[in-house]
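One structure coming up, written as structure tokens, with questions to follow.
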Amino acid sequence: MSEAPGEDVRAVEAALFASEDGLTVNDLTQTVGEDIDVKAVLEILAGHYAGRGFMLVERGKHWHFETAPDLAHILRRERESPRKLSRAATETLAIIAYHEPVSRAEIEAIRGVQISKGTLDVLMEAGWVRPAGRRETPGRPLIYATTPVFLEHFGLQNKRDLPGLDDLKAAGLLDPVDAAFEALELETAEGDD
Amino acid sequence: MSEAPGEDVRAVEAALFASEDGLTVNDLTQTVGEDIDVKAVLEILAGHYAGRGFMLVERGKHWHFETAPDLAHILRRERESPRKLSRAATETLAIIAYHEPVSRAEIEAIRGVQISKGTLDVLMEAGWVRPAGRRETPGRPLIYATTPVFLEHFGLQNKRDLPGLDDLKAAGLLDPVDAAFEALELETAEGDD
Amino acid sequence: MNDLSIEIFEDAPEIAESERLTLDIDGWEGPLDLLLSLARTQKVDLREISILALVEQYLAFINDAKVLKLEIAADYLVMAAWLAYLKSCLLLPRDEQEDPSPEELALRLQLRLQRLNAMREAGARLMARNRIGRDVFLRGAPEGLRVVRKMQWTAEIYDLISAYGQIRARTEPAVHVVAHRPVMTLEDALVRLERMIGGIPEWGTLQSFLPETEDSGYRRSALASSFVAALELARQGKALIRQEEDFAELMVRAA
């Protein structure tokens, strides 16, 4: 057994445990009071729960407890798995996540097909995608971005955590075709010298 | 930090955490497998969580986690939002203070306007007014009086501290609003000469 | 357009039966998707893919679909026409080529395929992560955090007593007393003005004939009455009234 936790640890622990949604440091401070160094307590708790049956994680600045992934096989039984996303929706979500903010036309340019009406709806209904204003270009198209719920659901601490993001960036695969083409031409021209 | 929990402990812990209704020993055995001595693990867990922010409890043979009772105040935080008393409520309170104990019908007779049900509720919620029995007249109407909290809030030693009618008159507080307003206008006009 | 397309397709080289994809046009999300699937059958890095071979595969695929009389969506045919054009350009001798060069078009197509492929793989990796409700689970029955708003009513003692004062004032029977106001009647003014102008032969301002008083109310009353009295005396031919200009001083003298 561990040594008895302090009252500050107990308070933060209880608040995180009872909350229906993840809590930010700010939320926690408001809940447990300003006297408590919430950040320090979160560190202690994250350490304490590492390796237990459930753990404390940070997702897009929100902290919550979730079960350890290696125990999924025990818990999956008799549970409804989240609905499987269609390929169109999966790709659209990936494009929004890796390119955000991104307009519908830009998504369509990458996928080479029009987005059917339901695709963005499904992603917004899941709470993973939201309209994020308009692009100040002719036609002022709506642009889309991901939400904190998206990070939470996919176990991402922040946007930089997206799998393979750095490699895709380095390979120029997140640049538009025009930009990539020009870059290539430049390279070739320089190589010819 | 505590020593690393065994796999059996982790499994039971995760199952209890994710459960919606609490689990019996039988449920747990089915979930985590027959190899695990669920009862022994429950003992270990109950010991581990005693004194933390939440604890493991048994209710009618169902085991579940719940937040520690002494931390309930964190889960249910009261936030006070100050709000100015409405005019109707202020007038009603004044009548009760000057005429107590007084029935609703009497308040309305003095105000010359009916009072809505919410008005007295607000005053009682504020803790300034209380029902003070019934008047022994036909219909036995409820009568209302002020409370010690009322005196305290308004900085009064006792009821006699309220200014009397003569004081009000001297202060110009008994002038009809129109007359008081006219006097003010006249003064201003003369000041302009 | 259909006839033309068929001719182009018949030129397409044969592809071994085993290399052909199952002809199910609904299985692809548009021509780019189909092209990417075909590119993957080349089993090389997309950066090294042979666009010419890819174009031929696409045209062959569409051709087969035609032979089987499958309905082919218009955008597949548009892509087929464009790829047929690209193919012919790529096969032409270099010096006869126009701008944009077929190499540029081919490179752009390759870049598009790379980008779509990157996003497809990113999507797959995203879906493979530990997802809430599938791989990791939140607490089953959280108690919830609640903020209970409690009204704190405030009022000042002044609010209270002034409210009471107003109620009393509002409901008290009102007694109206007309205040005594000193006035100069028209009769008094007539007598006074006639007597005063009779004693002075020169013009004098109406103001100069008014009584001296501190009481502004009485002063205004005297001015009004004296003005009317002056008009009356003028009407009777007993006085003359003169005014140099609008709003100038009113001058009065005996007639």
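Each chain carries a letter (A, B and C) given by its place in the written order, and its residues are counted from 1.
Please note the rule applied: a contact is a pair of C-beta atoms (placed from the backbone, for glycine too) under 8 Å apart; a residue touches a chain by one contact, two chains touch by 3 or more.
Since the model is a prediction, treat every value here as computed from it, not as a measurement.
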Any chain in contact with chain A as well as chain C: B
Label of the chain whose CA centroid is most distant from the centroid of chain C: B
Where chain A and chain C are represented by their mean Cα positions, the distance between them in whole Å: 30
Chain centre separation in whole Å, for chain B relative to chain A (CA means): 39
Chain C residues counted as touching two or more neighbouring chains: 137-139, 143-145
Shared-contact residues (touching 2 or more other chains) in chain B: 14, 17-18, 65, 67, 74-75, 77
For the chain C and chain A complex, residues of the former touching the latter: 29-33, 75, 104, 107-108, 111-112, 114-116, 118-127, 129-139, 142-145
Chain A residues within the chain C interface of the complex: 15, 17-20, 23, 31, 54, 64-69, 72, 75-76, 79-82, 85, 87-88, 90-91, 93-95, 97-98, 110-113, 152-156, 162-164, 168, 171, 173-174, 177, 180-181, 184
Chain B-touching residues of chain A, taken from the complex the two chains share: 1-2, 4-5, 9-15, 17-18, 31-32, 47-48, 51-54, 65, 67-68, 71, 74-75, 77
Chain B contact footprint on chain C (complex, rising order): 137-141, 143-157, 159-172, 174, 216
